[in-house]
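In the two complexes that follow, subunit A is the common piece, with subunit B as its partner first and subunit C second.
And now, the complex of A and B:
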């Protein structure tokens, strides 16, 4: 018998080896764990997974919320409609653009702010509160406040532009400026969250590594680029995934500030789904859109996790 | 002995008085089974407590359970509750949705419960809006329409004299001249606007109720049914099967270019809402329902007047208000239908309408409202009777309303009218084809 065969035999033997019977203590611990987990798992099952299954089933039907009893099985028609009509494609496109805009700006700004807060500042707590305040402010309040700020006639931002000699901008009433305006508002609201996450990551980076590099003659920039940023890759991945998922699920600004307009320029996918189900009364089509959104969010998150997988541990 | 006699006499007297009091109240008591009617309505809407209490005296076995939701959430709430296993017995809803709810089987037909003389007394626009496939689904209580309010001080200072009768009503170009004369500050960023923003929705332009009349008034209902002028006026096929060729017509596009200019090139109307702009003297003119007039009568913050809604070729105003109906799946359909019909007829209807001050749906009640028999509020009655048209009715009104409102808003914000209306036609057709 060769060495290879021996190894195979050993592994096969290991696979078939009977499991050790659980001790009484282990059994008790398992029972306690199940007891603690059961209420949450039950709620998760009832309010998350069952609705998901119902949604998946509904995506093959055509029905209105006003009369769900008159539902009709339409097979893949709802999915075919997403290709035949341009509403779904446009809405997904706008949502991706929105998510890209938010993530592309939030990550560097939040990181820069976290570096700033990680230094020895005298009023660090105050600055941190100021950055976090928009995060804990209600979306409705934020949206209303920004609607006033971005008023095309008498808004504060246009007033400021007027003072410096720049012509008034239409902002939310312009097809080209509405989406960037929503991105700016979301950036203002969410950057604090990203900052706190990065700050937590920075405070976990061992200071010895940076100090050793500095003794070896590395500049601050080299320490940041070659040590801090690579070591923060787990935090970066987390912030990127969280911000992407959050952006893909954004609803309030489109609902409260622009109602998806002008000319569908801010028709974010979740608002489109709401509109399709509750106003257009096409609940089956809305379910199909939700299924696709779920798959898209899953796929994007998986790709991001694969691309940004951490290669360093500390 | 004497004391005992006095005490006994007093007790006897008190008992007798108590009994008399009880008889004098004569509160009707329920001798049968108690029925609870569940009502879904918006805050501050009918049915109002006074007529309800009066009705309960005749129907002592009926109790009410009232649930209220804000108007913007009303349609969503009805969508969810109507399909539930225990829907409300009576729903208050936006009148133009009658056909949607009737087609979906939410509303109970009430034709057989209507009193004699109802057909002759009801406003034709109300009956058209609340009927579907030959059945009446809501009797309606009040009716509204819009006219143009003006700030007397501001328009007089600008040397503008708005007309007060339908015969002298302005055309839109005439109205635009008045807006320009009265406006203060630069176009597009005025301190006092020529035409103030709406108070409906979020204050942005485009609402079908108010703004579809621009293009409809450029049409002609007396033209040949195949002509674009005829289709422009109706804005939706009379059989409810298509909107194609009804929104994107040459007349409509021309009217919409004018509409667009008010928010852009001429800059006499703001693109976003300004809370209370008219009441704070930040607008010379303002389009609203009788509710604004009634509020100003109670609290005259400014000197004001009303001028009929301007038009291009054919004067037209949209009718419609919230209304109410009994639900088809109510556990007590007979009683719910009786309550709904009773509340909208005779004295009960008068009590309900006078509470808020909108217009009644019954012609016989107009004479009982002094305020509507003289200028300025009479303009509303005249408009309603001579120019009133329901918004394009159909079982897909809510969808039509949303799609066309978005297209009109797009036009107001500077989009191409022909392109946007063609797109709206396609979207409406997609909904109709489903």
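And now, the complex of A and C:
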């Protein structure tokens, strides 16, 4: 195509003419667009949308992964089983408790750390690097590390408790301490991520607002409560949702540190799904559990989007 | 006035030291203990002494037996192959798709965009059972390709690059188009060279994600020869059933050090990418 022709077609394309047959140029553009998008969209459809459909379908079947061909349609039986037997309810309950515990501790601590790091500090960069180390460390290494830290007889934490005169704790082998231990570990692992998000939010708060309020006689606390925190409500909501969705999908600690125990006290839902599908070979029931988990996560994301759209738009 | 300032500075320093101790102590203990024999590891913890965090009388025997006894070297190599492949294909496919969505006008663009947007909401890790069936149905179970392929079309990557492409001024491209350059040439020789920072950021985040992934590789690969590093580490055992803690610590150190080094060198990009994922998500 010559340069002259191209200028002509470009200028023709600038005028929008809907409902007219596509020009040769437009057809060519479409073809190029398909070429650029096809690889991405193909993988997206195969590995995100197809599994979604497969999961929805299989939640109505009874089958095993070892022999998927021998499947049996059972209607809503898998969902009825979830209500009838208490494994699903308990596992979801434990998972919600876990997520709630993580969010309840991560939010205030990450926020406090972000405020601290946003002020003039010696060694600010070093502190920021330190709190980010667990974020880039894998969940496997973190879980391994913490199962040794929390070991009842030779763990570092019990060694430290000895020094300050507190009796040794069983931690992961206790039905009451196992879940709080996992929450503490997740807090250590994720608080840096929350801090980075809050820091990004804090940098968007104009400092003049606080300074003006201070001149008018407001205390630091008043500035924090009445200016900084309201301005960060969107960031906070986002961190809450990220941490909730992340916690609901936690797997490695339950798999590596407690095997869901003791007495299923840490039987987090993704670990339960893994066990049901790959160990107990009840893939249909596992699919039904996955559908419920998916709906829970979708509901949380929807609420987030609705809130972000409607309110708190400063 | 003066004493309050001194007190305040002292308090700040104490908080800083406390934070550093909280986050650094576990790493120091693991790395130091990986260089000790079992007897010393236990002895330094009960009663706890400063020696727990310092490799006094270091020995590399844990590392020697780790590399001799287990297939960790193979696992490291597999992980490197998967990570590099995943980074390369993610960058290529995401940038191509981002180019189409920002530079080419075509009907149905917003439908395509909605399809991508929706996948952001899917808790894909929680969908491992159907994903396992899809990937093994394609004959990709027990392969390195099977480990990486589901994550290549990354909606996060697309959004990061789409944002960058939109911010890039189009004057240069307009000039090139008038000179007769097609989309392929504009993409490779004008757009890509001008979005290096977001590309590096996406590459790093993808590498981190891939290196640390666990549940999916655990599910899709059973063949020990195709195992990746996190699964290899996970199968070393728990504190109570282990003859030697030091060897597990050596494994954890080997699995973590490459990423921490990468993070320390390129921290700016990591933090930027994570903050972006926060703001744009």
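The rule we apply is simple: the second predicted complex is superposed on the first by the 260 of 314 C-alpha atoms of A that agree within 3 Å, B and C clash if a C-alpha of one lies under 4 Å from a C-alpha of the other, contacts with A are read in each partner's own complex, and residues count from 1 in each chain.
What we mean here is this: a residue touches a chain if its C-beta (ideal position, glycine included) is under 8 Å from a C-beta of that chain, and two chains touch if they have at least 3 such contacts.
Since the model is a prediction, treat every value here as computed from it, not as a measurement.
Within the superposed three-chain model, A:156 lies in touch with subunit C and out of touch with subunit B [touch as defined at top]. Which of subunit B and subunit C touches more residues of subunit A is settled by the count: it is C.
When the two structures are aligned on the shared chain, A:104 is found in touch with neither subunit B nor subunit C. Of the two partner chains, both subunit B and subunit C are touched by A:278.
After overlaying the two complexes on the shared chain, residue contacts for A:85 are found with subunit B alone; subunit C is out of touch. In the superposition on chain A, contact is made by A:170 with subunit B only, not with subunit C. In the superposed pair of complexes, A:132 makes contact with subunit C only, with no contact to subunit B. Residue contacts after overlaying the shared chain place A:299 against neither subunit B nor subunit C. Once the two complexes are laid over each other on the shared chain, residue contacts for A:147 go to subunit B and to subunit C alike. In the superposition on chain A, contact is made by A:65 with both subunit B and subunit C. Residue overlap on subunit A between the subunit B contacts of one complex and the subunit C contacts of the other covers 65, 68, 147, 151, 154, 158, 256, 278. Of all residues in subunit A, only 62, 64-70, 85, 147, 151-154, 158, 168, 170, 172-175, 256, 259-264, 275, 278-282 touch subunit B in the complex they form. Only residues 75-76, 78-80, 82-83, 100-101, 104-106, 188-190, 202, 204, 270-272, 274, 398-399, 402, 406, 409-410, 413-415, 420, 430-431, 434 of subunit B touch subunit A when the two sit together in their complex. Taken together, the subunit C residues at the contact with subunit A in this complex read 12-13, 15-16, 19-20, 22-27, 29-30, 41-42, 45-48, 52, 92-94, 96-97, 99-101, 104-107, 109, 112, 115-116, 119, 121-135, 149-153, 155, 158, 177-180, 182-184, 187, 208, 211-212, 214-215, 219, 230-231, 233-234, 236, 238-240, 245, 248-249, 252, 255-256, 259-260, 263-264, 267, 270-271, 274-275, 278-279, 281. For subunit A in complex with subunit C, the residues that touch the partner chain are 1-3, 6-7, 10, 13, 29-30, 32-34, 36-37, 39-52, 54-55, 58, 65, 68, 113, 116, 121-123, 126-141, 144-149, 151, 154-156, 158-160, 162-163, 188, 192-193, 196-197, 199-201, 235, 238-239, 242, 245, 248-249, 251-252, 255-257, 269-270, 273-274, 277-278, 283, 286-287, 290, 293-294, 297-298, 301.
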